[in-house]
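What follows is a pair of complexes built around chain A, which joins chain B in one and chain C in the other.
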Partner chain A sequence: MSRKLKANILSISLSLLTTIILTSLLLIIIGKNPITIYGTLISEVFGTGYGLGQALFKATPLIICGLGLALCFQASLFNIGAEGQLNIGAFVMSFVAYNLDDYLGIMVIPVAIAAGFVMSALWGLIPAFLKIKRGVSEVITTIMMNFIALALVNYLLIEFIAVKSTVRTERILDTVFIPKLSDISSVFQGSSANMTFFFAILLAVFMYFIFYKTRYGYEIRSVGLNPTASRYLGVKTNRIILWSFLIGAGITSLVGVNFIFGYKGYYELGFSNNIGFTAIAVTLLAKNNPIGIIFTAFLFGVLDYGGLAVNTLVPKEIMLVFQALVILSILAVDKVVKIYYLKED
Partner chain B sequence: MIESILSLTFLAQVLRMFTPYYLGASAANFSERGGVINIAIEGFMIISAFSYAFFTITFGNPFVSLLLTIIVSLLFSLLYALLTIKLKINQIVTGVGFNLLMAGTAKFLIMFFYQSSSNTPNFQPLPGLPFISDIPVIGKAAGDYIIVFGFILIFISQFVLFRTRFGLRLRSVGENPEAAETLGVGVRVYKLYGVLVCGVLSSLGGIWLASNQGSFSDGMIAGRGYIAIAAMIIGKWKPVNIFFACLMFAFFEGLEITLQITGSFLPSQIVQMLPYVITVLVLIGFIGKTRPPAADGVPY
Partner chain C sequence: MSSNVIPAIEFRNITKKFGTFTANEDISFSVAENTIHSIIGENGAGKSTLMKILFGIYSGDSGEILIKGNPVKFRSPLEAIDSNIGMLHQHFELIEDFTVFENVILGSEPVNSGVIETTKSGIAIKTLIDKYKLGLELDDRISDISISQKQKVEILKLLYRNSEILIFDEPTSVLSPVEVEEFFKIIRKFKDEGKTIILITHKLNEIKELSDRVSVLRKGRLVYEVDACGLDLDVLSREIIGNVAAVHLPDERAVFNNPDVLIKFENAKLKKDNVDKLNGLSFTVKSGEVYGICGVEGNGQSEIVEAILGTEKIHSGKMEIRTRDVSLVPDDRIGKGMIKEFTVGENVLLREKKFFIYNAKRIKEKARDIISKYDVRLSDETAPLESLSGGNQQKVIFGRETGLGNKLMVLVHPTRGVDINSSAFIYKIIIEERNRDKGILIISSDLEEVLKLSDRIGVIYKGKIVNEYGKQDFTFRDEAKKQEFMTNIGKAMIGAEV
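What follows is the complex of A and B.
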């Protein structure tokens, strides 16, 4: 095992430990027993097929969105705009889906996915363009584009598209839904987990292959590490930045598949519930490694559903604090490990 | 519609909306002038608005609560400084983490203390300045301590940044830390000062919003922390320009509220979108080039 890998494992486990200690302290301060709460969480999630299914269901969009972000982050593009990109994409995806499901049948799924993907990618075009042509930081533009996206979707939905007195689009036909995991194994009975989960895993493996086994991945990572040096080595830096941003933003739209084709059958305002931001934490925790993202997204899925499971003991919002502490402690612990274990800096 | 915009009521509305933007934008500016990007202004406002509501409900005295809230915000600022200045962790990522932490903590605590997923009970807002508060229509705005401070802050920021030794050193640290260090300026100390000033000012923004509403509710900051950063960029990191940028955003917010009441040809979501669209247009370069401090966001 290389020293670098050891350091990674060390920092991930240390930061999880830090988070658990900090959250436990918080729980003790407010007069709760942390052991009971962690115990309930674990038995509720891992003790029942339903709980596990729900955790997988919550993890699925985080994996997908995290993969899109990983592509951007690998190229050192801080895309804070996933929330906006995925809402635009999912909105268009559902619009295409319920309008064409009569004509295309099951084939509406790839068509709608393609439409959503392209829209999200185009939404990422503006920050990418500004970054390349004007040198404007993508951080600030993507934050602005988030607000514009949400207001735009809100406007289009409420003024023109929404089903009367709701904030959602029309439902797709029952025949074009993606099968649920409970259709295959009765273990997951009642949970919303669906085949999108396997699709997310496949996508992760594919992205891993691209990142670490192809020339494209090598170029993306080299641009991320040192754009100037990459340019001198003949890498077309701007092209890499543009395509990483577009495809990364496009991938985030696939979050909609889980919700639209796997769960509700329509797009609804607020469906994303800050997935675009939580996925940033998921991706960072995994250090942009696609396989790692599967695990960190699963951890967040467990916390997400686990929050509901322990809600009678402590408000489920404690998990939001837990998630934020995970990201801050991985950042801090990572640096400390770098300084004292790898002797960098 | 024109009559409703040209009224004193509308002016008072704009003055009020201006305050949290300007406090937030000045906060971000002090931090970035020292070379530390803080995109967690939103989070600082959230945690301050919540803390102020909590302290006022618990202790009753608004001025003591104000002081305690600023202390809470300073503690978070110290943590932010520890991560970004001492450990040199990426400032954007830390900011994202802080936003999640502060929003999550506030959500958790309103549920824990008040068994509500959305808001705290109501409390008495900060009392106004004597006499001035009694003037009809604009008195409530013109007699508000924090609003008045917001306007004085334009002169304070301009003076401190450009006419004092502290300001010169802070800017030198944000522009060229190596050169500053060569001249004997404690780079990290000045960065810390910038972050602390940022904590105090953004905290006041959150306090004002909570006091103005007379309660804290989830989502009440509604992206104002981000608009503040946008105003700082449009204002090109200059206090007076930032003033005009904030005034513009406040005008749009006032317009949005007025339009919701009077109804109009422009849908409110489109008006809501305008500040952000304008920011993007500015960034594209329609209003000249913007240039951040040269070492902005670079750890030292």
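What follows is the complex of A and C.
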């Protein structure tokens, strides 16, 4: 294990510890016993197959969206537009799915996924193009395009597509759903977790391989670290920026698979529940490492479902505080580890 | 120097380790007040580490430092600055968008009830500029001034902070011969003012010209000390290098009939921000020769490289590059030559573009290959390239580019900041490559280097080759001829009529 990896594990563990201590203090201040709260949370999530399944279900879209963002972040493209990109993609995915499921049967899944992927990627093309051709900061364009994306989907859905007096599309046929985890093991009975979770894990492993074991990965990371030197080293930097942005945005659309094919069967306004933003934290916490993203997404999944589980004892917002504290403490602890463990100045 | 005078700085048994690598081992010596004390040694000998300990950037593992007899232990550079110690780093620390004035006061702004006071401090800085003949304008933006002027801004910062002890880390590596002379004058003036100067350098002639005393470091230890009056350059070089057989430049130069023309510029012009960077540039580089371009920096050298790489287009005239693949050793090794966070092997693989899969075995093989062939010294081959010393980084880049096997090599300042031993090694490889029928373009401000390596030389001034010389012009029968030639070429470089 390299020293850098050890340092990363050390700083993540230390920051988790710091967060647990700080949250405990907060719980004590509001007159709750932290041990009871953490105890309930852990037993609710890990003590039952249902709880664990729900945590995995919540983690799945975060893993997928985080992987798309990691591809952008590795190339130093600070894509804040995942929320918009994934809504456009998921919307198109469901549109294709319920229109073609009669004709294509199970084959509608790959077709709908491809359509959603392409739409999200095209949505990412606009900021990528502006960055390459005009040097416009992708942070600004992607934030702005979130509003456009959500308004556009909202308009199309309500005006033309939505099922009467709802804010959702038509439901797909029962025959084209992806199997639930409870179909395989009764342990997960009642939970919404589905096979998309395993797909997300596979995708993470694949992305890890690309990032750290292939020339593309090295080229993407070199552009992120030093675009000037990359150009001198013969890397086609603009091409890397374009494709990282397109494919990264495309991957975020796959969030829709978990919800449409794995859970509800349709696209619904507000389904994403800010996954596009939460995934930024998940990705940064994992330092853009795909394998790390599995764990940080799972942590956020646990907190998300765990928040509901302890809702009778404390407001579930305490878990949002926990999430925020994790991010703040990793920023602080990272620096400390760098100075005292890696001895950097 | 009498022994009862308290020295300005005294190092006592300084030791510093990084992991298993000992950067400084039991170093003890003192620097007398109001002298110029040179510290010399190869890349990685421990010079910079020792100075960083003095300046509070690192803390030593053991030993102590005394300033004017008082033990000190600076925990940060700020504390060192408060004790009137100033350090000129190899890499400048200037805000490009600020003016000279703003950069100088930054960090110790003269404040009058919350508002920055500009009149009095402006006059004070102006006085310093005039006194030391720095030739700077307070309102110039850093991004608009040359490297040597930037260095003067750094010097001005030290003066503004009343530094009495000045540490210069390889100060002349970015300067042209004319600028070096100017710099020497400034240093001497400092000494006349009663300041104490520590000069870290690779260059023997600088030591001879400036120093009162020299300390030689080798592999982290102090191996030799001598006063300037007893200085023998032969002894000194031996002490620096240690027991390593000197690398000899191959004398024989292969002769090739029918060489290919690899680069051909004909009356090329290139404008940047409405300034003619290349203005009627003409020269050719053929296979089997070394073509050297010398000149004061900023006369179009970097635009030649940009044009060859295709990142800048010439506006008129002709440029032909008859080969697609060009090996390049760029001027700024950290900014352009490598991804500093990647390891040796990763940097080589990335450049080669041969393989799609980069597994650990392949990375290791590449690293070992370069490390053994080019004598790269490093503690850990999985460490990022930034952890290597400058000379070793250069050897990695050099080895990588040579290994590509391209017909054309463009080398910009191939040995800048590289020690004697490594330079000799790099020179040897350049000539070997030439003898393999490669075409080599060297762009350097080190005239000795260009003379030593080139078959032909072009002097560049304001974007144009103003003089061209063949080998017979700079193969000298005696020292007088050489001096005459050097004077002429020096004049050509600054645009004086020859």
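To be clear about the criterion, the second predicted complex is superposed on the first by the 342 of 345 C-alpha atoms of A that agree within 3 Å, B and C clash if a C-alpha of one lies under 4 Å from a C-alpha of the other, contacts with A are read in each partner's own complex, and residues count from 1 in each chain.
Here is the rule we go by: contacts are C-beta pairs under 8 Å (C-beta built on N, C-alpha and C of every residue); 3 or more make two chains touch, one makes a residue touch a chain.
Bear in mind that the values here come from a model prediction, so they are computed numbers and not experimental data.
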* Determine, for the superposed arrangement built on chain A, whether chain B and chain C clash or fit. => clash
* To do: Figure out whether A:328 sits in contact with chain B (first) or chain C (second), or with both, or with neither.
  => first
* Asked: Between chain B (first) and chain C (second), which does A:214 come into contact with in this model arrangement: first, second, both, or neither?
  -> second
* Between chain B (first) and chain C (second), which, if any, makes contact with A:30: first, second, both or neither? -> first
* Identify the partner contact of A:164: answer first if only chain B is touched, second if only chain C is, both if each is, neither if none is. => neither
* Touching partner for A:2 - first (chain B), second (chain C), both, neither -> second
* Have a look at where A:225 lands relative to chain B and chain C in the superposition and call it first, second, both or neither. => second
* **Touching both chain C and chain B, counted on chain A across the two superposed complexes** => 345
* Structure fact -> Note: in the complex, chain A contacts chain B through residues 30, 78, 80, 126, 130, 134, 136-137, 139-141, 143-145, 147-148, 151-152, 154-155, 158-159, 277-278, 280-281, 284, 314-315, 317-318, 320-321, 323-325, 327-328, 331-332, 335-336, 345
* Considering the complex alone, what residue numbers of chain C touch chain A? -> 18, 57-58, 309, 311, 328, 330, 335-342, 346-347, 349-351, 353, 355-359, 382
* Asked: Can you list the residues on chain B that touch chain A in the complex?
  -> 37, 39, 83, 87-90, 92-94, 96-101, 103-105, 107-108, 111-112, 223, 226, 229-230, 233, 267, 269-270, 272-273, 276-277, 279-280, 283-285, 297
* For chain A, which residues count as touching chain C in their complex? -> 2, 212-219, 221-222, 225-226, 228-235, 343, 345
